[in-house]
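The data blocks that follow each hold one structure.
Shared between the two complexes below is chain A, which has chain B as its partner in the first and chain C in the second.
Then we have the complex of A and B:
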């Protein structure tokens, strides 16, 4: 990804020098044509076309925003309900993502999900210990985390 | 003995894109400055020839999975389409039309149907050159 992006920037600057117009508009046009050329030559690189990854990052960002709103709403519901009918507990979640930043991102996203909170990462980076407000639906929350966050993170790093 | 083309291949990885960008620049320069579809197309096929020199025909086929005869046909379709398009507006054949638009960020831009005609020229030149080179390269 880094090489393709750098090459795209380099091509955009080359375009500016060819045109001898050093304006943001000329940079944008050069970036666009560089992108088109890189897209045509996408199977030349060992990695996939980098725009896929950029789109995945944007998707992850909006997923984060959505979960942030949902979690705050659910906390609001817990706070203003007259009876406190919760059953807290801690469960282990085996994770598939391997890189440090992926685990960090996953842990932080879990913390922002409604009703869950990352407590600790195991020593071998294979398990996350998560505190849940309602331990009854552990299975659901594991599957939910796996389906949404882990998939979205893997989409970025794949 | 098979020689190691590492230096050539690594340099090609960047050079091909600079040449292709230059061909795009040449293509769009055509209206106000020297350049145009023909030279742009030749330059683009020059970039692909550089790829062919650095790698081999099979690899380039995999990188660019185009049938270059079809590229030529598409180019002819573009040129014929834009020249025939004038007939729909009660104008003689090959009459072109242009306007200025002001898209956000990019400033003043002129849109001209001659660019579509030139795209056809570009594609025909790339298609024909690559067909010639690939056909000669493959025969033994």
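Then we have the complex of A and C:
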């Protein structure tokens, strides 16, 4: 991804030199045409066309925002409710992502998910230990949410 | 009220929402029973509260003074990234120093896992 971006910058600068107009606007135009050229020659790169990854990152960001708002509403409901009927507990969750930054991102996302909080990451990066506020109703739905997170993160790193 | 005054209200509205969330997280800190559930309230609500407040201030300066403050955006980014990690580290430290959970129902693998790790250290 970094290589393709660098190439795109280089193409944009080449465009600027060809036009001999050194303005941000001409840089943007050159960047756009460089993007088109990279798209045409995408089969020559070992990785995917990098715009896919950029879109995946943006999607992940919006997922982050959505989960943050949802989890706040759930905490709000918990705090305001007159009787505290919570059943906290810690459960283990096996994860498939391997790199350190992926685990960090996943743990962060889980912490910002409604009703869950990462307590411990096992030494071999294979299991996350998660504290849940309401362990009964959370456990199933959380697995689904975690699938979407893990899929979104893998979509970025693939 | 003119349209401009209405637009100027958007920033303060965000700040108001952020204040409400921060206040509720403070109530959560008092009401919830143990460290772990408390850090649920502290990490989530405070994050969103601070984010909303900063974003409201950002919008306010953009609309009234036409000044784009990159520092506020950077602040939002850093809080977004660091608050969950802080909660995670506090919980981890609490668990490792044997802070008990409240009326827990299922307390899965973490205790056996830590015991196993402790055994490894002894050998």
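The rule is simple: the second predicted complex is superposed on the first by the 151 of 158 C-alpha atoms of A that agree within 3 Å, B and C clash if a C-alpha of one lies under 4 Å from a C-alpha of the other, contacts with A are read in each partner's own complex, and residues count from 1 in each chain.
Here is the rule we go by: a residue touches a chain if its C-beta (ideal position, glycine included) is under 8 Å from a C-beta of that chain, and two chains touch if they have at least 3 such contacts.
All values derive from a computational prediction rather than experimental measurement.
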Touching A:76, do we find chain B (first), chain C (second), both, or neither? second
Of the two partner chains, chain B (first) and chain C (second), which one does A:122 touch, if any: first, second, both, or neither? second
One more residue to check, A:25. First (chain B), second (chain C), both or neither? first
Which partner, once the models are overlaid, touches more of chain A's residues, chain C or chain B? C
According to the stated criteria, A:85 is in contact with first (chain B), second (chain C), both, or neither; which is it? neither
On the A-aligned overlay, A:46 touches which partner chain: chain B = first, chain C = second, or both, or neither? neither
Name the contact category of A:37: first (chain B only), second (chain C only), both, or neither. first
Help me check something: in the complex, which residues belonging to chain A touch chain C? 64, 68-69, 71-72, 75-76, 78-80, 84, 86-92, 104, 107-108, 111-112, 115, 117-120, 122-123, 127, 129, 131, 133, 135-136
Per the touch rule above, chain B residues touching chain A in the complex are 13-14, 16-18, 20-22, 24-25, 62-65, 105-107
Which positions of chain C touch chain A when the two form their complex? 21, 24-25, 27-28, 31-34, 36-37, 39-41, 43-45, 47-48, 51, 80-81, 84-85, 87-88, 91-92, 95, 101-110, 113-114, 117
Show which residues of chain A lie in contact with chain B when the two form their complex. 7, 10-11, 14-15, 18-19, 23-25, 28-30, 33-34, 36-38, 40-41, 43-44
